[in-house]
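In what comes next, subunit A is part of two complexes: it sits with subunit B in the first one and with subunit C in the second one.
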Partner chain A sequence: MIQDNIDNTAGAGIPNPNRSIPVATGPTVGQPVDMVGARARVSGRVDFALNAVVPGMTHARLLRSPMPHARISSIDTSAAEKMPGVVAVLTAADFDRPGAPARYYGAVLRDQPVLCGEKVRFAGDPVAAVAAETEEQAAAALLEIEVDYEPLPAVGSVAEALAEGAPLVHEKPPLPREASYADIKFHGREGNVCTKFQLRSGDVEAGFAAADHIFDNTYHSPAVQHLTMEPHVVLARFEGERLTVTSSTQAPYAVRDTLAEMFGVASSKVRVIVPPIGGGYGGKTYAKFEPVTAALAWKARRPVKLVLPRDEEFLSLTKHAATIRMRTGVSSDGKLLARDVQVYFDAGAYTDISPRLIKNGGYSTAGPYAIPNVRIDSYAVYTNLPPAGAYRGYGVSQAAWAYEQQMDEMAEALGIDPVEFRRRNLLTEGERFATGEIMREAHWRELLDRTAEAIDYDTDRRVVVDEHRVRGKGVAVILKSTITPSTSHAAMRLDADGSLQVLTSSVEMGQGAHTVLAQLAAQPLGLPVSAVHVTEPDTQYTPYDQTTSSSRTTRAMGGALTSAAHVIREKLLKLAGDLLEVSPTDLELADGQVVAKGSPGVRMSVPEVFRRTRTGSISGDGEVITSGGLDPETGQGIASDHWHQGAAAAEVEVDLGTGKVYVRHVHSIAHAGRVVNPKLARLQMHGSTVFGISHALYEELVYDEGILTNPNLSDYSITAMGDMPAQLEVEFLEDEGEAEIHGLGETTLPPVIAAIGNAVRAAIGAPVRTLPITPERVLEARNS
Partner chain B sequence: MDRTDEKSFSCVVNGEYTVLTGADTTPAIVALRAHGLFSVRETCGIGVCGTCTVLLDGEPVSACILPLYALDGRTVQTAEGLEEGGELSDLQQQFIASQAFQCSFCTPGFLMSGQALLDGTDGPLDDEAIEDGLQGHLCRCGCYAAIKEAVRECSAARTCSRAGARG
Partner chain C sequence: MQVLRPQTTADTLRLLADGGEDTKIIAGGTALMLMMRNGLVMPEQLVSLDRLSELDRVTVEPDAVRLGALVSLRSIERSAELATVLPTLSAAVGLVANHRIRQRATIGGCVSEADYASDPPAVLTTLGCEVHVVGIGTQRWIPLSEFLVDYYQTVLQPGELVTEVRIPRPSPTARTTYLKYISRSAEDRPCVGVAAHVDLDSSGRCTDVRVAVAGATATPFTVVAATEACRGAKPDKTAWDEVAAAYSAAISPIGDARGSAAYRKHVTGELVRRALQTASTGTENGAFRL
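Right after this comes the complex of A and B.
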């Protein structure tokens, strides 16, 4: 039973039990070392999955539905099977028979067909797959497959999906997967509601009754694409019932488990190998095209490789379009008293990871503010559009677009400076967030102050350049969670030559994971980074890691590796201590030598310790397993093992004649705790800024009657070099001494979008509440 | 592709006489990758993102929309050909120093256009000139500032040379 207005403010709040191993700057940590494998990266020799070739390999192409919603009355593949070079044609009829793979998969709900059988649910839903000797032959064979469709009424938006009597995307709620994730719970699954998340904190109605002003606004973010430069690539091959998959995935273990379940084999029968990947941004998390490629390989009895064509990339997965109605009650002296939010995330046709995203995006609408009374209802809604899933920013971009726009609108109405208004409400150390958890390491005020100062926010907030051009400044501040609970394991092996082999399933996708992990592993063992080799994820050898996502790798996998390194360190010092007749606690490691503290003459090289003790190698394991979870009725509990904190400020110039927005200056700042590699961390924040400008001003997937109209890089614009602001700065807020590591991969993306929005509003004197801020929307806002 | 359409095209690839095979209209990227030149990578497939850029007689072109016949009798350079005697070119070295890449899928394309820009100009380049020279290239990871810095630094030092071209 759902009870509104449960009083959760009683008590001191929920302390967070999670801590990570603090790390100090040292010989490797904190140093701007070159990216591991930099030479291969500038000579074009990185061995992406795209390059993978095995003997007997065939090439796959997919046939996709031209209609957003239709029954399949028949599929005839007989002509296609006779086409030159065709090795196998796969349809729904090949599944769910004895010895055959299961047709439905999904990380949370098993609702996505590898290939559609009864009906298609979005324009682009795969209905058949062909493996042929060449890609051209596979493409030619697709044209010979005849599919008869009976069109069904479709729902092209959340509003249509929730309307009375709307057609159902899924006739009955799909079944949850047995081995889903501990943080995911279900609620309100009926009609086209995939699931919902709700949060009840304090007494919202009493809060509104006490408020002097109530602001009620609706904000919209569109679906956008990840647009990784490397497409999804999968190479699948069977040896007997053993399946080996090389994939450009961010989640090797999730892919392994999905494939094992699909083929009904032990997970040890599936091996997933992940070379460095050409960008992920969330779009390659969980099984994507591994199921269809593996099923084709199973039927063809040949290795099959799929390289997804660019237009199909646009149909693979999107950021969730979101409509957020936010009602906030404020006292006349600028204290937030109550917030009531309805969040509608467009999940598209299939669940993917929506249940987690709508939860995280849902509670994030409270923002980094201490609001005593909060009610949030966050929905994942099925529509007949491509599925939405993980995307850099993970629901927080959409949430912050709403709450940070509204903060500025409220500040203006109250006549309070926007920075001062935020300062009066930002969470401080020991304060209680809407989930009831006690915030620690709270730095939002400092982040906000520093970013505002960086653009000189207090002066010239709006400047009329001439009769056509006007400038404005804006700020934004956000909080973001990371997957909780989560699990990362690592193993490493120190060899007799003093080199260290690191076994990790964290994926290198350009973020520099393998470099910072090598830095973290090297330091406790007194090794140079060059002595460390980080292995590519391979589920046959590298230990379990949940996913490479959620800005979690440096902290979670880094913590696991640091533990493992200390295990090896202890074993090594014990061996050396016996040889040197010194207590291990009086020994230290530096430059490949074991040295007695205070007696630098008493020393032995690491290889000599190995040789004299006849040791071959020393192994160590480490793990980070975080705890937490939220009550499904109230949303109270531990949402995140730690919180990412970020802020950004922007100055824009608007051409009032054309409505075009030019970004002149962006500053962003994140709480980093300890930065492991400033050179790479800086680039992560640059990346967030570039995404932020793109999402603020350019990107939108445009559908017409459920058909995507701009699935190419000519009609879909992303930030180019010439769109970059003349002034671009990123800054880290670091802690003194030994400090915890905070993820930096996404933290400053959401505030950059919102800061640009607030800068445009300051410039033109009217809010644009719908992203992206196109010239048309600027002119429309100005004229209204 | 019908086997009867297959022809041979002679060109100089990275300084070596090479015969590529395919149809007249086979995209150059397909033939170059089949020749083992994996630095040539496709992102957009329609010639607007710059990822697959190679130098054709020193000029940057998109290999994804370049028909194979256009290579006949010409000189082609890819990122594999930037090194000389196992030494990275100055621009490649500066890309590392400036950390001008993340996933690096687009890097070879930027390097080829950057090298062409340096080869075709003298003295230090300002931001505008660099943006003009590289505007046809997209980097989703967002390394634009670092890429600009790398080309700027290289142009200021002006010891940059395409391996083998200037010594």
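Right after this comes the complex of A and C.
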């Protein structure tokens, strides 16, 4: 449902039509079940795509551009083709002919070439691919491909890309894909602006006029890489015109659709199989290396497997670098009156999912606060750098880095306690967010209070430890949306022995999705988790799911499964009711038995119901289809089917001589509604904390003239065990009784970054507005 | 590519001589494999030292410790005897990378790699370490400070092998410290490291002060004039401030991802002062990660 005729000045607000099926704690839901296959993961017996082998398989390597922007004048592959073991060499010339695949792909705009033809747009853009009997032979053949480049002036940052007369990354704005996503709209596509999102709520100028203080600050977050333990892996093979792809993707259906469009075949001709994957974090969402591997298999007429080397992982996709200028008007009693934000997300060379990310990241800059007058302009800007896309936190880390830092800066200037300042402005039940939607299940105040209390924020906010070291404390609170509208379908089959097959396209990527889905499927049917098998996503059998991303699986797929389980339950109770001569509504399921409520003697085992009715299996389908969408001019409407709410607090120690920050204590908390598996939920939150520390202090992709200077794990720094705080705590806020499930895979990542930033500011008495907070930046901030 | 695995030093030298230009020695391989992967060296032949058990020996003599080139950093760190005789070296080695690397990495590889961002060479410099270099029919002992020439460069000639290093036993009254300052995440190489050695006479005055800075310059950095000037001085803040100021003023550090040149200059002064202070006032010899 797209909201029309929105009065964006009125206080009424837009009610959110989305609800999910409430779930109660029971025999399986809410239990700390071990992750299914945990042992196999630890002992290395999980069958990742990395291990996939098929007869006749060849190995692929990609030749990449050494230049950030250049015209390709010629490519000569003749020598490479004669190299030992080489089966096929693929270039742009192989595409867009009768019977050949299309060369451009993209989830939203079809602007990314599988292999570059006319020009390259970033240092690392693929220009050729080789399939050979061994990976070494493929690598050797790459050295024999001759490419002549004519260098073009490049844009290495958003500022360069938006400068007057800047070279264009895409000469013509690429065309939108017909079958893109319902929530994505386009705006202001000219020059190097890929697209823009805008939000207009209230009267910003009047808000500033009424304000006693106006704060105007700019905050910066760098690009970082996902660094999944398992790289991108694709194995593609044709049988006739049927294409089967085994891939480490988070989005099997998006990959299927991309490949079907690319080869001009019905989607039934493309089968995408996803084994358990070794981490995603957004980096494996939408088609990535499936197109090039499939095209190579098509040309080689042999199966082809691509395992991306680590240095090329760094060129695959990044978190968006972002520069956010935030102007906020406040009354002297600490009420936020107006906010005007310009957000510049560096999209890199190709669109990928930027149009959605800059929208979600854009409206998120309003923060979890009731601000009556808001103007946001959020841009995705093309540059000659590796493409940016989905990354755990989805634009909210960058947004929260800006607004939560500024909250503390403003509180200090106003002389108001930072927690109290936030409390005066946090959204409460029934209040309007900047998009006009009415917030429900609003828990921000409680989250903030609990996290502040956990680090004893009120006392010793700044402590001098010794002649070198000071300690400081900080808090942060955030809101995050989930993809809206979105769609998940599930199917289930109860077999005659009482075991359950769950068919889902949700991907198990180490987050424990399949365990949690088994718990949700088992409960309505009175089954133990051990009676449930959750299948691997396989587009030939498992029903459609939009993506495994956006912290949506437990709620969305879990909801679809719960519906499907109820369908089966009703059919089963109907059969049993006829046999037991009891109305189905008077029956319940427990421990594999159908039992009459109140007369436990009247019962029958599930297998017996099947036997006596000669039923072979009972199937059920379920779905969750959410609605929403924002007006392209005003950004008013339903941004999120439900809101992720989180907060974090940190205590750090800063060495004033070196400027180094040591994290001592991190607490984070998320509103969970109902926790399905406390053990796995905690691990998700631990993961967010580790990412948060890493982004706050260490991670950054460094480019020099458009060339990545740190594409390896010795030059690129990430959190190690030794960096973990002595105290690391996570907490959930759960609702009583039957409650809706809220996603929590990302919720506490953004506030951990911002809380560390605020703790550093408290310690040194000056803000560091650029991430990561390196020792050098700390000293600079302190000395300025 | 061929990997040769000789069993004696003599065979090793012969293979190196026969192999010529495109032959490389490989010990633990922790540095060499990265260089190969990044295309910085492309040897056609590797001479592996892994079967040279004669080089995997620790000998503690009355006035010196001799470490065979193949002794792993992990065994240096874990040796109870070395922890007694060379406590700061043993602790500093324990701060290198992580235990997986230290399990493979050798002391011979550590000095031969001549990576500026290394910890042990600075400690070894303050201890007066010498390196034993052998070739066919040649052998010489060279002070580590002369063995290391420049970024990734030593005096080693093609065909030569490091067989051991010799570390004189420090004076029983010497107080030693190594501070490893890491500017990024925990398992990183040093941004700046400072090894300090302070010996006092019976009246508590300095007799022998040595300071070597790791990680900031091509080879461990010393300002001998500044430390010699401490002779006879009281080991107090005034003395250490002067040494720190001299080091900070004299050093021309590298700028890289771990810190700019200006930043390293500042940190050098800061850490030289702290290392001397820790050495002279601390209760234990050892190494500390900052």
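FYI, the second predicted complex is superposed on the first by the 776 of 784 C-alpha atoms of A that agree within 3 Å, B and C clash if a C-alpha of one lies under 4 Å from a C-alpha of the other, contacts with A are read in each partner's own complex, and residues count from 1 in each chain.
Methods note: a residue touches a chain if its C-beta (ideal position, glycine included) is under 8 Å from a C-beta of that chain, and two chains touch if they have at least 3 such contacts.
No experiment lies behind these values; they were computed from the predicted model shown.
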item: First, second, both or neither for A:718, with subunit B first and subunit C second; value: both
item: Which superposed partner A:43 touches (first subunit B, second subunit C, both, neither); value: first
item: First (subunit B), second (subunit C), both or neither touched by A:683; value: first
item: Touching partner for A:276 - first (subunit B), second (subunit C), both, neither; value: first
item: Which of subunit B and subunit C A:698 touches, first, second, both or neither; value: second
item: First, second, both or neither for A:134, with subunit B first and subunit C second; value: first
item: Partner contacting more residues of subunit A (subunit B vs subunit C); value: B
item: Partner chain(s) touched by A:162 [first = subunit B, second = subunit C, both, neither]; value: neither
item: Set intersection of subunit A contacts, subunit C complex versus subunit B complex; value: 712, 714, 718-722
item: In the complex, subunit A residues that touch subunit C; value: 468, 655, 657-658, 660, 694, 697-698, 702, 709-710, 712, 714-715, 717-723, 774-776, 779
item: Residues of subunit A defined as touching subunit B within the complex; value: 34-35, 38-39, 41-48, 50-51, 134, 136, 227-231, 276-279, 281, 309-310, 509-512, 679-680, 682-683, 686-691, 712-714, 718-722, 724, 728
item: In the complex, subunit C residues that touch subunit A; value: 34, 38, 98, 181-189, 257, 259-260, 263, 266-267, 270-271, 274, 289-290
item: Subunit B residues within the subunit A interface of the complex; value: 1, 37-46, 48-49, 51, 78-80, 82-83, 88, 92-93, 95-96, 99, 101-108, 111, 131, 134-135, 137-148
